[in-house]
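Chain lettering (A, B, C, D, E and F) follows the sequence in which the chains are written, and residue indices restart at 1 in each chain.
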Amino acid sequence: MSISSILVPAVLFFALGMFACIIKSDLKFPPDMHKMIVIYLLVGIGLHGGKALSEASMSSAIPAVIAALLLGFGLPIVAYIIMRFIGKIDPMNSAAIAAHYGSVSAGTYMTAVAFLNGISVDYEAYPVIMLAIMESPAIIIGLILAGYSRRVLAAQQSSIGGPAVAAEGGDGHQKGMLKHLVIESFTNGSILLLFGSMAIGSIINETNMTKIEPFFDKIFMGALCLFLLDMGMEAGKRISEFKDVGIFLVIFGVIMPIIGATAGILIGHFWLQYSIGGVTLVTVLAASCSYIAVPPAMRLAVPEANPSFYLTLSLGLTFPFNVLVGIPIYYGAAQWLAYNY
Amino acid sequence: MVLDKEVLVPLKRVEIVIDEDDFEEFQEICRAINIRGYTYIWQAGGFGTRGNRRPNDMSLPEKNFLVIIACTEDQAEKLVNSISARMKEIGGIFLISDCDWVKGPKISY
Amino acid sequence: MSISSILVPAVLFFALGMFACIIKSDLKFPPDMHKMIVIYLLVGIGLHGGKALSEASMSSAIPAVIAALLLGFGLPIVAYIIMRFIGKIDPMNSAAIAAHYGSVSAGTYMTAVAFLNGISVDYEAYPVIMLAIMESPAIIIGLILAGYSRRVLAAQQSSIGGPAVAAEGGDGHQKGMLKHLVIESFTNGSILLLFGSMAIGSIINETNMTKIEPFFDKIFMGALCLFLLDMGMEAGKRISEFKDVGIFLVIFGVIMPIIGATAGILIGHFWLQYSIGGVTLVTVLAASCSYIAVPPAMRLAVPEANPSFYLTLSLGLTFPFNVLVGIPIYYGAAQWLAYNY
Amino acid sequence: MVLDKEVLVPLKRVEIVIDEDDFEEFQEICRAINIRGYTYIWQAGGFGTRGNRRPNDMSLPEKNFLVIIACTEDQAEKLVNSISARMKEIGGIFLISDCDWVKGPKISY
Amino acid sequence: MVLDKEVLVPLKRVEIVIDEDDFEEFQEICRAINIRGYTYIWQAGGFGTRGNRRPNDMSLPEKNFLVIIACTEDQAEKLVNSISARMKEIGGIFLISDCDWVKGPKISY
Amino acid sequence: MSISSILVPAVLFFALGMFACIIKSDLKFPPDMHKMIVIYLLVGIGLHGGKALSEASMSSAIPAVIAALLLGFGLPIVAYIIMRFIGKIDPMNSAAIAAHYGSVSAGTYMTAVAFLNGISVDYEAYPVIMLAIMESPAIIIGLILAGYSRRVLAAQQSSIGGPAVAAEGGDGHQKGMLKHLVIESFTNGSILLLFGSMAIGSIINETNMTKIEPFFDKIFMGALCLFLLDMGMEAGKRISEFKDVGIFLVIFGVIMPIIGATAGILIGHFWLQYSIGGVTLVTVLAASCSYIAVPPAMRLAVPEANPSFYLTLSLGLTFPFNVLVGIPIYYGAAQWLAYNY
């Protein structure tokens, strides 16, 4: 793996975007352009995954589903414990941030796919299912953690004579919210696009697939470059907010993806027994952090949390870390595991 | 007084800022109390008790609707009764001021 | 024709879009994305058609032109009569709706092209001219029908002592409007794009065509999928308004495309004597119903009509009917005709 | 009174809602009667005698322009004379209220 | 008087038009003088001493922000002191009028 | 070179756009679509150029850089002198317009590339560097000319007893502005995109380039057609303003690109010694006139100038002139030079 082979265009464009932001360039992306590319990329990745899945055995997808749920429910709890008990972060912010780290980022996943493509490494079809599944569980865990925290806070307050109103109001509210968020997690636009195009990709025949591949497959990697150029600018915007976030959380934003990655790589290699490419993708999913589906959900479910915290961590720190540094490391580790165990 | 009362109808000017998601409900309320006209601007940004609301944020887009209604004092009162209790629960503001409606062939207040 | 061969991706994406709307997903398309794809698709279809036409004989295009005018002027009259005399729909709404059914939908046409492509069926170059021509005549007929209705209404009112103001004002107004709409029907954006790119496609040489085909031809079918995904959502939005439209019009929205299709298939097969693919396209044109060019024209020309009626019928009913059910039926019928007559 | 008249100029605040297509004509009228400043918001939606006007509708996009003008009563009267007769024929509303202009280095009313 | 003082709080309605590029500075001023709420519309067009400002022009896009603030007279005065000197240097307008705030559960003025 | 070979699709679409505007068609491009295509085209041309440069010798790029600076600094001075002393145009408008003619238009450059592609003529990699470099110098010259003019005007006024305030205020202002504009000229979005993607194009390896070429290279010429369609409409909008601009400036708008072209072709052929294709591109750069980077800079730096003047000249006159008439002439001249000297 030479230097020039890890110079993935998409990653370089990400760096260019960050650079543009840091030097305060007037370069700007139309907001709708971002939305369009995202729709396109999600459909592309769904179709591609759906086709691969239709050729794979369905029963062997089950472990992937279980692994996805495990990671999605487990990682936010780990994240919450670290923040609460090591970092002494307040409970509501801890809950909201935890949810982000349990969920995934399709952008990070696609960058990893571009990375593997660039060095011609194959991967299994199942990680794309995990991508679709892992968006939601963490949101539910985030809500449960927030509900739990609210009760604890209320108990503390009432024991010192304060009103327990918030917790009571919160409780009925909490149930409606849970239902609302569960429904939402199935009707969420990006999940629907992913699952929908996976389904379409798996049922259309070869002739039809060939007709749409030039659009959804051939030009995919190029379009991804523009997407990451924009993401670089979005990430760059957040850098100035590091100081508000505090030193512990900044460290957390780098440590947590590594913890997730460790969980992911072990599950991918020892349990799912995927190839190096597949293990890399599972690792990336576990290491990645949501910046699209989870923020609005947490804004609604945990209004007490400070959005600037979770957005800065997710977009400004963990996303760039994974894209610029994480992916090649995760790949290297997957390679090492494959050769040594 | 240059502009005399022949061409002007004194009315109330109501100005409401409301979350994008609550706009549909707002429209239903208007229908219910027979408001005959309003203008709205979608994608307004703002700052208030819930901090910044940025219509173009990638991760957390939050849009305000700014609604302007010219109506009679009577209708304004009905609006206050139907909406004010819910304002700030659902977020936003509700302002009333005086204005004059310049008469034209059709009436939508 | 196996099941999997009629699973046209574009149609499946249309269904996905409707589904997203029905389950109230938060999936949304930037409005500008829709406009962009439409511009792209119209130019693509124009270039392709222009190139095909340049290879075909121009004189044999004349029957296609005549057929297009015939359908464009005839179908709205048929539609008007059905609505007025069978459905007892009021004259102004009848006129406005009729205009929509006389005109065509480029989206339906392109879906049919995708369908034929998917099953590798060829078609003539002439239907694309018909597509461009058929947008306008129905608008003029709609205006004439509305003018006629206004006079009739005014006569009724004055005979019972009411004021005939509307009709008088309407009359001078009517002439200006006719002129305005005739001009508009030639300067209309989509017609201009279609004719313009047909012209360009027919005069550029092979080398130049080869340079732009990757964009306008190779990725066309994929981009069409995103277009139909969006159209599915647009159609889905209208479904809730069926109840306001009334049972007769709902039935009309399914019967009228079949009537149009019947006219189209007979003309295509017996008169124009096209191949199965070509007959299918002519049929689809006759069956399809405008949702882009005609609504604003009718809003202006027939303000008395309720836009919710014509939009719900066109977008919410006839478009989905044609895309999901109509096209394969029309194709089957064209095939049957070809083998039996 | 905290804000005294040294920094404030009492003016009229005119608010007009007009169809997108008529905005150019509106601008010509402003030029003709020497209006020295206005602000407009395009793509406003609204409801009135012609029902809903939805700026983002795919099939039937109808956009309102919301125009705000700070001007002298004199100019407001001229505007009323040049426009009011045409309002509602071409659609929309025309409101007038009082406001104070906070003085600055340049004057555009 | 139909709408009585129980539900209404008399406030000032401030309306500012400012260049896109100066909006960030404006927000800092608001923070500094503790303005608790405002609404803004980006991409407004306009005409003034610098001629036309067209938000959608391909070569020369110039965007105005239209800001609306409901605040106490006290706050309005602070705003005037912090901004008015700079207005028109940086371009735009600054209007003040009266309005009534309809009370709701939360207060952001 | 037959007629059909100079029927470049991009140019025909430009003509179609102008036509649409002239007949007052309602055809409109979403403003964001324009911005998106521009971003895409700049990245595409940068990547392509970067790759070509990485294969060329870097040292031979130095003359191109020097030529670019020479043209960028020299042409606006020539333009200013012509306007001031032949046309008697007021100094501030002269300065602002001059800056536009010293700078370049990427759209014109890309049209020339499309033209050369259509007739299969090769060209050097260096002109793309010149494109990136030539955006800025003219802005600085424009500012200096405006500063000079302000001083002259102030001197005149004070000698006739008027106040010299403008000049004094202008002087301190001038220095801050110069610094501001120099910084801006390096952080300007389009320059950053060009240089950034040139850098990326020159360092990524073959495998990675192959993955993104379908997007940035194969569909480039088609996307350019849509860009020029829109540019045609933008140009068309300005035609009605010719009368305000005055006869001298209208003539200037055609003469000045020819003067620039003459300088460019001589430099390209005799000094840089490029091939016919390369000379054509250098000529086009020198002949072209900015309509993106320079207008906002001049609006800020020379607020006294009338934007309608420079926009009408640049967009409404010189751009169409170059695209419709200039490019084939410049190519013919380059060919003639190559064969005769």
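The rule is short, and it goes like this: contacts are C-beta pairs under 8 Å (C-beta built on N, C-alpha and C of every residue); 3 or more make two chains touch, one makes a residue touch a chain.
Since this is a predicted model, take the numbers as computed values, not measurements.
> Determine the shortest chain-contact distance, in steps, between chain D and chain F.
2
> Within the chain touch network, how many edges lie on the shortest path between chain A and chain E?
Each step joins two touching chains, and the minimum needed here is 2.
> Applying the document's contact definition, name the chain pair with more C-beta pairs in contact, D-E or A-B.
Ranking D-E and A-B by C-beta contacts puts D-E first.
> Centre to centre, by mean C-alpha position, how many angstrom separate chain A and chain D?
Distance between chain centres, rounded to whole Å: 47 Å.
> If you average the Cα atoms of chain B and of chain E to get two centres, how far apart are those centres in Å?
A distance of 17 Å separates the two centres.
> How far is the middle of chain C from the middle of chain D, if each middle is the mean of its Cα atoms, in Å?
Taking the average C-alpha coordinate of chain C and of chain D, the gap between them is 39 Å.
> Which residues of chain A are in contact with two or more other chains?
32, 36, 214, 218-219
> Could you check chain D for residues that touch two or more other chains and list them?
If we look for residues of chain D contacting two or more partner chains, we find 41, 97-98.
> Which chains touch, pair by pair?
A-B, A-C, A-F, B-D, B-E, C-D, C-F, D-E, E-F
> Of all residues in chain F, which touch chain E in the complex?
Within the complex, chain F touches chain E at residues 31, 34, 234, 291-292, 295-296, 299, 303, 307, 311, 314-315.
> Can you list the chain F residues touching chain C in their complex?
Residue list for chain F touching chain C: 2, 4-5, 7-9, 12-13, 16, 19-20, 23-30, 32-33, 36, 114, 117-120, 214, 218-223, 225-226, 229.
> Could you list, by residue number, the parts of chain F that touch chain A in their complex?
Interface residues on chain F, with respect to chain A: 32, 35-36, 39-40, 43, 184, 186-189, 192-193, 196-197, 200, 203-205, 207-209, 211-216, 218-219.
> Given the complex with chain B, which residues does chain E contribute to the contact?
Counting only chain E, the residues touching chain B are 2-3, 7-8, 11, 13, 27, 30, 35-42, 68, 70, 97-108.
> What residues of chain E sit close enough to touch chain D in their complex?
Those residues of chain E that touch chain D are 15, 17, 41, 43-49, 55, 64, 66, 73-74, 76-77, 80, 83-89, 93-98.
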